[in-house]
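Below is one structure. I have some questions about it.
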Amino acid sequence: MVYVTRIEHFNAAHRLFRSDWSDEKNAMVFGKCANKNGHGHNFTLEVTVKGDPDPDTGYVIDLKRLKEIIHHRVIDRLDHKNLNLDVPFLQNVQPSIENIIACIWQELLPHIPASAKLHRITLHETNSNYCEYFGG
Amino acid sequence: MVYVTRIEHFNAAHRLFRSDWSDEKNAMVFGKCANKNGHGHNFTLEVTVKGDPDPDTGYVIDLKRLKEIIHHRVIDRLDHKNLNLDVPFLQNVQPSIENIIACIWQELLPHIPASAKLHRITLHETNSNYCEYFGG
Amino acid sequence: MVYVTRIEHFNAAHRLFRSDWSDEKNAMVFGKCANKNGHGHNFTLEVTVKGDPDPDTGYVIDLKRLKEIIHHRVIDRLDHKNLNLDVPFLQNVQPSIENIIACIWQELLPHIPASAKLHRITLHETNSNYCEYFGG
Amino acid sequence: MVYVTRIEHFNAAHRLFRSDWSDEKNAMVFGKCANKNGHGHNFTLEVTVKGDPDPDTGYVIDLKRLKEIIHHRVIDRLDHKNLNLDVPFLQNVQPSIENIIACIWQELLPHIPASAKLHRITLHETNSNYCEYFGG
Amino acid sequence: MVYVTRIEHFNAAHRLFRSDWSDEKNAMVFGKCANKNGHGHNFTLEVTVKGDPDPDTGYVIDLKRLKEIIHHRVIDRLDHKNLNLDVPFLQNVQPSIENIIACIWQELLPHIPASAKLHRITLHETNSNYCEYFGG
Amino acid sequence: MVYVTRIEHFNAAHRLFRSDWSDEKNAMVFGKCANKNGHGHNFTLEVTVKGDPDPDTGYVIDLKRLKEIIHHRVIDRLDHKNLNLDVPFLQNVQPSIENIIACIWQELLPHIPASAKLHRITLHETNSNYCEYFGG
C-alpha cells in the first residue's frame, strides 16, 4: 500500500459572515474575515490516494489522470472565483477551510478510479493555516 | 552600503476590469481575472532599503521600525480587503500588481527614516508571478 | 472530524550537553551541538487540533484564538531565548527537539478549548530535521 | 513515542517504459515520462523513525547517524545516477516513485538501530507530486 | 518602469562531459555530473521583462501571453527531455546552467512583444545553485 | 557575463548589545535581540560570482570549488557557533546581519579564483529579514 499525493492551486475570494447576524456580531466573531467586500487567498490543495502499484506501470494512479479529475471537479470551479457567490457546490456553506475541504471531498470521491482509494485532502489557506480531512 | 529587506504578507481580493468596457471585452482582455465577484491572493511584499550600518547598532534601519511603517502604511490598509473597493490610495487604479506596487512605493516613501533610502519593492501575487519597482 | 493546523515560529539558542559528562564525552556524543557558547535555530512549530466544524462559524477552532494560546503559552516564552537557561518549563530538560516537543505538548494541552482536541505537534529545527508528537 | 524525520536530496534521471511494449503504447501510457533519452528530477527523501527519547541524550536516534545511514544506503547510490541503468537495487523495477519508495524502504530497514523503528518514507518527485510508504 | 517576472518549471536529464576527453579527465573535471547514463533536475526558470504599465490594463505584459511564449519557445522543448540529445537549440552546447541560460535568452528575445523588454533570466538547478543572465 | 550563485546554511547563536550601555538602554534599542543568554537562527548564505563561462566546461566557476571555499572560509567557522564569542573574524563586531555580511565578504574576497569576480552576498536571518552586499 503506497500513498500518492497530487498538489494543485486555486486563487479565490471569500468572506466569512452570517446574513442572520448583525454587522457587529459578524465583526466580533469573524474579525477581518467578515470584511464586507471580501478578501482572498492562494489556496493549495493536496489530494492523497492510496493503493497497490500496478505491476505494469508502477502507478497507484496515473497522476495525469488524477490531475485532470482534480481540475475538472474542483480547480476549474474554484479558481479565480468568489467562494460565497460563484460555486454551486458551496451554496449555503460557510466558506471556512473546514467546510470547503469537506465539500471538495464529496466532489472528488465518486470520480476516483476504483483501483485507488481517496485517503486524505489537505487544504492550505496561508503559510500559517491548513486543514486535513479523511472523509468522516 | 548594505541593502536590507523586510518581508510582510497581506491577503486580499481584487478584480481586473474596466467599467467603460463591455463584459465581453473585459473577459477577452483580462480572462479569469475579470470574474464579476472577484478572486484573491496571498500577496507577499518585500521592502528593501539601503544605507550604511549605524556604528553603534550595526543597523541600516531598525527592522522593527521598518515593520511598523510597512504595517501602518500598507498592510493594515490592504490585508483582508478588496483592492477595488476598500483602499483609498488605490481608488481609480486598475489593481494589477504593476499599479499596486507603484502606489505602495508612494505610500512608503515619505515615511522611511532619513538614514536609509527606499531602494526596491517586490510584490509576489502567486508562486508564478511577481514584480519589482525601483521608484521611477 | 477535520484536522486544523496553525503554524508559528520562534528563534532560539540552545546547547546539547550533560554537565556530568566530560567535555570530550559531550563532544563525542553531541558533536557541534555541544559547542560551549551555544548555537541556534529558527524553529517552526505546527499545532494540529481536531474536531467537528461549528455549524454557525464553520470553525473547528477560531484560529485567532489558537494563535493566541500558542503565543501566550509557548512562543512568548521561547522566542529570542536560550532554551537551556531562560525557560522555566524546560529546566533540567536536555533541549533536543524530541524533549522540547513533549514539553510544549504539556504546556498547550490544558489550554485547548473543549470543543477541539489537541492531535499533533510538529517541530522543525532546520530544513533537514523535524519531529512529530501525538501525546503519548 | 516521538517521530523524528531526516530530509535528504538526490538528483537523478529516469524513464518510464516497458521494453515489451511498442513505442506507441509506451507513449500512450506514460506520456512525456517515456521520452527515449530520459528526463530527471531533484528528488527529496524524508525518512521518519519513531521511538522513545534516550534519557541521557534526548535523542530517539542520533540524526547524524541516521543521515549517514541514508547516505550510505540510498543517496550515494542514487544521486547523479540514471535510475533505470545505474542502481543495482532498482534492476528490473519500473522506476515510478511508488516502486522506488518501496525499494528504498527495503534498503534502509535492516540498518536502522534497534532503539528506533522505521515508520514512514516520503519521496517528493516535483513540487506537485509525492508519495508516502509505511512498509506494508 | 516596472519589472515583471513569470516563473515556470521543466524537468530534464543532462550530463556534463566532453567527448574529446578521456573518461578519467571527465570524471576529474565534472565529478558526478559526468555520470555516463546522465542524471537530472527539476529546473525552475524565471523570466523578467520591464516596461511601463499600459494605462488601460495596468499590465507591462499580459502574463498569460508571456507564459505562452515561455512554454512555446522553451518549456515544451526542454520539459521531460535529455538536454544533451533532444534539444535542437542546445546541440553542441555543454549543458551547464551558464550555457543553457544564454541559449534560452536567444530563444526568447525575438518573441517578447515590443512594449516590454527582456531584462533578466534566472535558472535554478537545485535548491543550492542558480544563475542569472542579463543578455550580454 | 553570467551570474552564478551558491547557497549554503549555518545555524548560530548571537546577541545584540553594547557592553558600554546599561541593560535598560540595550533592551530599549535592541528589544528581544538583547536577551542576556542569546538567541539564534538558521542563517542562509548566498554567494554570487560573475564571469564568462569557460569554453570547455561551460562553468563560470566550478560550484564544487565555490562550495569548498564558502565552507572553508565561512561555514566551518560560523556553523553551530556563538557569533559574539566564537568567531575570530567577528571579534569586536556588533553581529547584526549588516555587519556579518560585510565581514563574510572580506573573508571570501581573496579566495575567489581570478576567472570569476565576487558580485553579491545575500544573508537571510529569518523568513522575514535578509540583507545584500555588493562590496562597497
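Which chain is which? They are A, B, C, D, E and F, in the order written, and residues in each are numbered from 1.
As a convention for this text, a contact is a pair of C-beta atoms (placed from the backbone, for glycine too) under 8 Å apart; a residue touches a chain by one contact, two chains touch by 3 or more.
All figures in this text were calculated on a predicted structure; none of them were measured in a lab.
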Chains touching both chain B and chain F, listed by label: E
Chain pair repeating B-F, as identified from C-D, D-E or C-F when over half of the contact pairs by residue number coincide: C-D
Between chain C and chain A, distance of the C-alpha-averaged centres to the nearest whole Å: 29
Euclidean distance of C-alpha centroids - chain A vs chain F, Å: 41
Shared-contact residues (touching 2 or more other chains) in chain A: 127
Graph class of chain-chain contacts, one of line, ring, star, complete, other: other
Contacting chain pairs - touch in the sense defined above: A-B, A-C, A-D, B-E, B-F, C-D, C-F, D-E, E-F
In the complex with chain C, residue positions of chain D that touch it: 1-8, 48, 53, 56-60, 62-64, 67
Chain B contact footprint on chain A (complex, rising order): 9, 11-14, 32-33, 35, 37-42, 79-82, 84-86, 126-127
Chain A residues touching chain C - in the complex, by the definition given at the top: 16, 18, 29-31, 93-99, 101-102, 127-134, 136
